[in-house]
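Next up, some structures in structure tokens.
Here chain A shows up in two complexes: once beside chain B, once beside chain C.
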Partner chain A sequence: MDILNALVVFLNFVFIPAAAYGAQLALGALGVTLIYGILRFSNFAHGDTMAFGTAVVILVTWGLQSLGITLGPLPTALLALPFGIAATAVLVLATDRAVYRFYRVKKAAPIILVMASVGVMFVMNGLTRLLIGVSEYRFDDGARFIINVRDFRDWTGLPEGLALRSTQALTLVVAVIVVAALFWFLNRTKSGKAMRAYSDNEDLALLSGIDPERVVRLTWIIAASLATIAGTLYGLDKSFKAFNYFQILLPIFAAAIVGGLGSPLGAIAGGFLVAFSEVAVTYPWVKVVGYIAPGYEPGGLMQLLGTEYKFAVSFVILIVVLLFRPTGLFRGKSV
Partner chain B sequence: MSDSNSSFGNRGNRDASVVNMKGMGTIDGTRRSGPVGAGRAGDPFLIGEGMTGGYGKGADILHDCTIAVEKGQIAVIVGPNGAGKSTAMKAIFGMLNLRQGSVRLNGQDITALNPQDRVKAGMGFVPQVNNIFPSMTVEENLEMGAFIRNDDIRQTMQQVYELFPAVAEKRRQAAGELSGGQRQQVAVGRALMTQPSVLMLDEPTAGVSPIVMDELFDRIIAIARGGLPVLMVEQNAQQAMNIADKAYVLVQGANAHTGTGAELMANDEVRRTFLGG
Partner chain C sequence: MSNTRQSAGYSAWRAPVLFAILAILFVLEGTVRNSMFSGSWNTSLAILNMGLLSAITALGVNMQWGYAGLFNVGVVGFLALGGLAPVLVSLPPVEGAWQAGGSRLLAALAVGVGVLAIAKMVWTRTRSGLAITAILIAGFVAYRYLFDPAVIAIEANNPSRHGNIGGLGLPVLLSWLVGGLFAAVAAWAIGKVALGLRSDYLAIATLGIGEIIVAVMKNEDWLARGVKNITSIPRPVAYEVDLQNNSDFIGFAQSWGFQAAEASGIWVKLSYMTLFLVLLLVLILLAELALKSPWGRMMRAIRDNETAAEAMGKDVTRRHLQVFILGSAVIGIAGAMMVTLDGLLTPTSYNPLRYTFLIWVMVIVGGSGNNWGAVLGAVTIWFLWIKVEVWGPALIGLLTAAMPDGPMKLHLLDSAPHMRFIAMGLVLLLVLRFAPRGLLPEK
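Coming up: the complex of A and B.
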């Protein structure tokens, strides 16, 4: 039995990729959960908001690169991030003014806003494709690895290698900073508390002198920032393709619902839960098992599900949670 | 609820995995305020005069209804169910469309102001239900009450805690976990945090036990004796009239009887109809 090598394989192929992916999902789910909690509908356009933000970040990154500006070992995209956030914030605020506000004034039932968001999703879908195109783009630059496989083998003398890509580490660091900032904002600042008050009781917030439209604007700006950051980290880690961002909507919603819609803490837990399940179920465990039980010769790859079916994992989690614990792990607002 | 909520048989709106109906508002927060006019000489501190109107485009609920409260006094609105008591309060607070009449506060005509700006003008309102932020702590509830203030709110908070010692002990607890009476105290406390120049209470004693009710009445009297005019709607007509400097009996959205609490208690018709003999 070779625990050490099994652990290295596990870390390299399951833990590190799932942690990075989980952080990306968590940031996406935080945006969804905020909009659900405060604006009271599930925003189906969130995936495409992420795509739009990332597309802007990529265009600005290219612009900076052509000007010869880079961030050294860090990806230039970090420098382009504020521009992406600003552009996305402007887009969602314009969308709110043109689409959602109309229904808000009429006090329309939230399901109507959900349907409107599906329409917005298609428009943003097209907008992103017009802006940057449909192909796959890679835009990460700077140092590729913090630990690469060969160095790791040389250091440890183990046959198995471990790689930690800089984008993976960056994802986790940025996610921690963003989440800490968001929680600080929601729990400690006057504006953040006003957002929670509005989420709790709209009328009473208004009767306390809180301007509801300001809360709505603030929510959109935060959601746009979260979406752009999540999308950029996802694109840096993997690659940017507009269609992938449409697909990622499902795991993001699964994460938000598993954690409990409306609960920011739940969104984070849900993000990691969905990511780890997805990676664990689609990873061929044969190598890990080979190290743990050397005599055992499994017939196949010990892969529960092909990677093509990874979205099925989100679906199953979603259904199980809705059936058995519809409020989610952290008691969100859904019943 | 608006008409659009009844469309498609309200389908989809019970699916809490896509919509969040909890805490949804009914007041249009996007409405802008109109100009503030001049008041009239000899007005009471707060007066809703000749108010006629209803919700949205619906039928009129109030018909030429007048409610007023003087400085340092308690005015109560009583009447049978569906008489438009709460509606009259909401009309004074700008939550429904007035077709006729005006609302004047402290020498200013505020008829065109939206509810948010009436708060800034010095009005404090405690709704009958949903009058706290359930997931926020007691202290955060009070902080939200003081949202429009930029000065030091600690002293006001201390005063509220002194007025309601029971909730002071639970300041770190979520307000939604408190008992009915304590919630009402938080609700009143939240409204006091703005340091309003007039306090409006919509059935503050609804759904609380008689002992708690007496205590709440005591507190309300204490607030009024402190110089803050109080206007309230009350189900318990007898008790309300006992403490009222001025009482309004509404019937079908119109003033039926007006007078001091003692006068109305002495009035045969009022006693027979509303006070049970």
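Coming up: the complex of A and C.
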């Protein structure tokens, strides 16, 4: 039994990728859940908001690179992030003004807002394609690895290597900072408390003199920032392709619902739950098992589900939650 | 959707006039050759046929949305599932596939369904999470034990030409019904879970099932060869080649002033059109009869005020499930027809933007709740969707004609295809806001 090697393989192929992916999903799900909490609809345009923000970040990154500005070992995209956030915030605020506000004032059924968000999704999808096209882009620069496989082998003398890509570490660090800042904002500042009050009970919040339009604007700006950061981290980690951001919508929704729509803490837990299940279910465990139980020769790869079905995992989680606990793990809203 | 800006009543001439305008557009497409129209009846009829299929799909979506207010975001999945039916029903059987692993495969699927049913039964009796987990894990192992060797055997059977389970060799028209049945079963499963909860949940759940059905069709080679595609699906109408070799037909074509090659294409498309029209009219008739019946009144009552309907003793969730299944079945039928029309099944072509959201634009533009509106919206939007591909670049070329040549102009010219998405999104948003009842409002 070789626990050490098994652990290295597990960390390398399951834990680290899943943690990075989970952080990206959590940031995305936070945006969805905040919009649900305040505006009370599931925003189908969130994936394309992420794509739009990332596209702007990529364009600014290219601009900075052509000017010779880089961040050394860190990706230049970090420097471009504020521009992306600003552009996305302007876009979503304009969208809110032009589209959603009308239905909000009219108090239309939530499903009409969902449908409007589908229209917005189309437009944003087109805008992203217009901005950057449909091809696949890699825009990470700087140091590729913090720990690379060969160095790790040399240090430890183990046959199995461990790689920690800088984008993965960066994802986790940025996610922790962003989440900490968000929770500080929601729990400690006056505006954040106003947002939570509005989310808990709209009428009571209005009676206490909270300006609903201001709360809504704040929500959109935060959602746009979260979407851009999540999208950029996802793009840095994997690569940017507009269509992938539409597909990531399902895991993000699953994460938000698992945690309980409207609950920020739930969105984070849901993001990691979905990511870890997805990676664990689609990973071929044969190598890990080989180290733990050397005598045992499994017939196949010990893979529960092919990687092409990774979206099925989030779907199954979604179904299980809907069947047994529709309000989610953290008791979100049950409108 | 109360307080809308449109007046409730509209002229009785509105529908005929709009349909007439649409017909004129198709005639122009068939006869006038300029920068806007192709002047080819083959093109015109091809657009019309696909438009009619979109109309049937839109009819299904309209049942779910217009009758019951259910937002189905997985239209692409139900269409794809319907498209599986012609392959499994009407393709000739693949030699050796059933002997290789057919019975084992069926046993695996039966075990899969059986385990789920047992788990459900045990859950209702005992409410024990532990027992359910044990049953599901044991069931999964048993399923994989049966399933994996069967799939390997079937896919190893003449993989360059087949490698799939093959069809039953039954008539292709029958497969349309089977396509509807497939979609209905999927709709039942998904509706059982997601209906009765918050309205967004159905949207999200259907988004998921849509993606998964397409993923299954791309990756399960034993089913329909996955991305290797299935070609030469049998046709319910004549083949062009046979027509061109038929001296009677050549004479008939010449009497109308057409070449045999062109005429055979038109003839085939006209035959399809007749088939599609008949089916569309039958479906509309049934839908209209249902809508005017007590059942239809109940559905609309539920849609307009669920609480009140529930207070009157209507089982809202059950009715929703019913109409969701019916609508999905219609979508499945359209999916089977689509594959039959193309003669091939290409799972990679099932793109949600094209097959889910475009259909939604059709329903909303046409007038949700009105079957004729769905048809009008579908054919109109489909015509525009195809023509914008031609008109868009021409328009941008015209707009940028004054610009100096350079990367900006090049970029704008290249990006014309993406304008389609922006245009469709804007159409959806504008109609939703300014004319939420659509071109032909519900009466």
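Just so we're on the same page, the second predicted complex is superposed on the first by the 334 of 335 C-alpha atoms of A that agree within 3 Å, B and C clash if a C-alpha of one lies under 4 Å from a C-alpha of the other, contacts with A are read in each partner's own complex, and residues count from 1 in each chain.
The working rule: contacts are C-beta pairs under 8 Å (C-beta built on N, C-alpha and C of every residue); 3 or more make two chains touch, one makes a residue touch a chain.
Just so it is clear, the structure is predicted and the values come from calculations on it, not from any experiment.
In the superposed pair of complexes, A:I111 makes contact with chain B and with chain C alike. When both complexes are overlaid on chain A, the residue A:V176 reaches neither chain B nor chain C.
In the superposition on chain A, contact of A:E213 is made with chain B only, not with chain C.
When both complexes are overlaid on chain A, the residue A:M121 reaches chain C alone and has no touch with chain B. Contacts of A:P326 after superposition on the shared chain: both chain B and chain C are touched.
With both structures placed on the common chain, the touch criterion links A:I257 to chain B and to chain C. When the two complexes are overlaid on their common chain A, residue A:K193 makes contact with chain B while staying clear of chain C.
Within the superposed three-chain model, A:Y309 lies in touch with chain C and out of touch with chain B [touch as defined at top]. Looking at the shared chain after the overlay, A:A205 reaches chain B, while chain C stays out of its contact range.
Touched by chain B in one complex and by chain C in the other are residues 41-42, 106, 108-112, 114, 257, 322, 326, 334-335 of chain A. The residues of chain B lying in touch with chain A in their complex are 1-2, 4-5, 7-8, 10-13, 15-30, 93, 115-116, 119-120, 125, 127, 130-136, 140, 143-145, 147-148, 190, 194.
By the touch rule above, chain C contacts chain A in their complex via residues 1, 3, 69, 71, 73, 140, 148, 193-194, 197-201, 203-205, 207-209, 211-212, 215-216, 218-219, 352-353, 357, 360, 364, 414-415, 418-426, 428-429, 432-433, 436.
Listed in rising order, the residues of chain A touching chain B in the complex are 36-37, 40-42, 101, 104-114, 190, 193-194, 196-197, 199-213, 257, 261-262, 322, 326, 333-335.
The touching residues of chain A, counted against chain C in their complex, run 41-42, 44, 99, 102, 106, 108-112, 114-116, 118-127, 129-130, 133-134, 246-247, 249-250, 253-254, 257, 300, 304, 306, 308-309, 311-312, 314-315, 318-319, 322-323, 326, 334-335.
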